[in-house]
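Same chain, two partners: chain A is paired with chain B first, then with chain C.
What follows is the complex of A and B.
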């Protein structure tokens, strides 16, 4: 399926990061090949969100290396990393509450210097994926429902025409039907446009079915790695993340 | 009635000047959550630069007033903006991730530095200029002989304020820089994840705030015909009051607050006593804050997330 000899789009080597004295990442290795959907699963506090933010230098890596398309971006300023077309729909969605939906999407488009035509095409694509947003264009982001905010956060990330899309818990707090819509949208983007996706999910079942490969993170370390199907079969995964043991 | 109309005009003109300064306070507060206590002194610097460039132009033999005013305006905005940029760069940026009180203390220090620097460089005496813009219109002449006048200076102050306000509103609402500024105000981390250079955007906020304060400084010079090294203190506190009254962080609030403070001060002086005009302005601030803690147009802190 995926050629393992190709240069990974994102490669993380022995990455360590900390908030003050609390070490959140204790030497993480991870690679994402172009065109892949990779799921990162693990309990709360395992360091999944930190890993995504550390790719952007927030917090900065204490040691280790982050390579994007073969270039070392470990010490590149956050806004320049964004301009390399890595986009994130972060934990807590972080849409701009006092900007309209249209302006939120425009912020995504501003991240990369795109032409007016590319911007219009991007807008078209986002509104096709999430028709709900079309009805809300002039409404302030803060007045949207949780599901709509999630769609907006993903839409905003897509507006920068990302080469790598990182989604932090896109289904968190959503009704099952809307969560399924969002997973369908991610699959469509991957199949049609070859979009590379890193997805962090609490819903391990969904995420592993969606992903080509998955990583399991425990206490700041990767403990397991395999294809989505393989990981779904592992008894320890089933016990820990699938059979109601998530909050145990 | 005539007397009231005249005071209304005077109050609105003074309020325009306060409003221009207040915008600088409110913008900086919105984006970095800090009161820039040196902003009043930036206004004073603007007044001085306007004065100096005016004298230089006159010494070159330039006499056509509209051209002089335009050049003075641009020079004052440019150089004062440079001061604003420098203040942010050396006094605030290094402390951005420090504890909350640190940049505030450094701002107060910066205010002293600018005041004393002007005193040493320009002398402590009040610097008068002969009236640059003269003439005006008589709007109404009452039976008792009281004349309601609108001077040309007043017209210029109000028109300049309106034009700048329109430009500035357009900048914030419609341009990429304005969008970036609002994004940084709402969520700096997310803004940087979307490619916004937060440091540069904050610098630009100080630059624009300083440029508006420079215009206010020049208007003050034209209107009162003098500047001095200490004028930034009281004007700064008044404008800060205006920003809080209107709702700190709100741009229309800053302008509204400025106009109100200008009006309150003028009307109080006209009907009660000049000595207590500051007491009146600050008392009204206190009363408003008791009943509306976020100011007239401020938004409550709690947001639906």
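What follows is the complex of A and C.
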């Protein structure tokens, strides 16, 4: 299933990033092949979100390289990175609360050079994936429930017809049933549209079941990597993120 | 007064029937507040004596009367409140009237517009009302212009008057020095003001909220101080005089043989010029409104609003926040500049006095009171603020008091402005078919 011989869609080499004096990434290597779902798991403050944001140039990498489809994007301005069809659903969803659902979705496609037809097709795709949004089109984004807001954030990211979709904690604060719907939607996108996905999660169980491969991050370093199933079996993962997490 | 209203708040959802002790306590607190407030305002009166020295006299009697009134008033208010019972949930307005109100709300904009068009016809002989109308429309235009920056893009600009000044001086100087006509200078004034907008925009790109407000405030002052001190160009505090009046597309509005009146074969009247100015500012204001409404439906307008909501998300979606902010500043500034050029041609004389912080604050108040982002709200707020100011002219020193009170009450009852809701720009025509209709509408 995974074309390991092809060049990775996203490749991160020895990436270091810091907020002021606090080093958040201490030399991270990571690769995502086309058509893969990759999960990045780790505890709070491990640097997962920072890694995702550093791909977008916020914060800028101190050293190391980020390659997208073979091109070095380490120093490309944030808004241009987004236009290379890397989309993200950022931490905390960050939808536009006073704008309607329809406008929120349109925002996703505004900066790209999508044609009208592509825009329409993208909208249709999002609404088939998340029929709930269809009912809420004229509502203000801020009035949606948490799950719907997450759907909107993912839908907005999909509007740019991305080649790589990065999701930061899509299940955070959601009821298990809704989280499941979100994960199902991601799986559908991957299977039907061949979308490549990087998913950052604390919910290791869900994320590793969904992902083809996974990385475990601790204190700004990748400590483990393997297929989703492999990682799920590892006793240290079970202890740290599954059983431990359940009782904590 | 102040004491009564202070006591009126806060007790609404308390126990259903507070006892006498409660009422007494409230009244006592109100009286105390009144005592503190009025002890200097009423208790002591200062005057300049015969030799210019400061003399004062105490008016403890008046003070005591005032405090007693507040005390009594507070008790009366509290008793009335109990007598009426809780009023929050009672539906006073029947549904039929409510739907009528909704209809009226939808109809208010067209009715207002038609009325505005007819103002010069109805009040042809009332110079005062026409002048007031022009003044209100100028502020409507300024409000709509600032609305782009503050209401849509969410960038708090306290120095908007700078662009107004740049527009006014652009026209005044170009017209008096080079003899350019109003119609050539108008776009130039707009462009120069937009340029200043970009100039202000660059240093404040990374600033938000309070910090942005401070820098824009300073920018407004800088422009004013430059105008005052660059005597050789601007005439300094003396201002620019003899600014040409606008012509009716090349035909002067003068009593001479080549004037408009003579050509049309009607008797000359100075009112013609006033009426012309009225329609001119109306056209400029409507242009501002039309452009804003159009832009809101385009990606750039949507990006402005998204920027107000969440800058980080904008960047992640590929929006170039730098150009988005700069275009917002430039667009808002351009409208300010156009209004400034109009102001100069109307007055025939401008000086730095007209471009103080007071103007910025007034325009900002119009935008905030109107409901940020609402076009109709801004227009209504301008009417209320400028018109209301004139209405209370007879009250002399109480004018500001009434004005302040009205503002406080408005902010209590309608904290999001007169028209606080925001109309979406993307519409669904029918809920079944979504794709193409929606997208076309959204993309304008």
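Things worth noting here:
The definition used in the following text is that the second predicted complex is superposed on the first by the 244 of 248 C-alpha atoms of A that agree within 3 Å, B and C clash if a C-alpha of one lies under 4 Å from a C-alpha of the other, contacts with A are read in each partner's own complex, and residues count from 1 in each chain.
Heads up, the rule we're going with is that a contact is a pair of C-beta atoms (placed from the backbone, for glycine too) under 8 Å apart; a residue touches a chain by one contact, two chains touch by 3 or more.
These numbers were taken from a predicted model, which means no experiment stands behind them.
In this superposed model built on chain A, chain B and chain C take up the same space, so to speak, and clash.
With both structures placed on the common chain, the touch criterion links A:127 to chain C but leaves chain B unconnected. Which of chain B and chain C touches more residues of chain A: that partner is C. In the superposition on chain A, A:143 makes contact with chain B only, not with chain C.
When the shared chain is aligned, chain B and chain C each come close enough to touch A:112.
When the shared chain is aligned, chain B and chain C each come close enough to touch A:88.
Of the two partner chains placed around the shared chain by superposition, chain C is the only one that A:100 touches, whereas chain B remains out of contact. Looking at chain A, you'll find residues 56, 58, 77-80, 82-83, 88, 90, 94, 96-99, 103, 106-108, 110-112, 156, 160 touch chain B in one structure and chain C in the other. Those residues of chain A whose C-beta lies close enough to touch chain C in the complex are 56, 58, 77-83, 87-88, 90, 94-100, 102-103, 106-108, 110-112, 116, 119-121, 123-124, 127, 134, 137-138, 156-157, 160.
Note for the complex: chain B touches chain A at residues 176, 179-180, 182-183, 186-187, 189-198, 303-305. By the touch criterion stated above, chain A contacts chain B in their complex at residues 56, 58, 77-80, 82-83, 88, 90, 92, 94, 96-99, 103, 106-108, 110-112, 142-143, 156, 160. By the touch criterion given at the top, residues 299, 302-303, 305-306, 308-310, 312-321, 422, 424-428, 431, 434-436, 438-440, 442-443 of chain C touch chain A in their complex.
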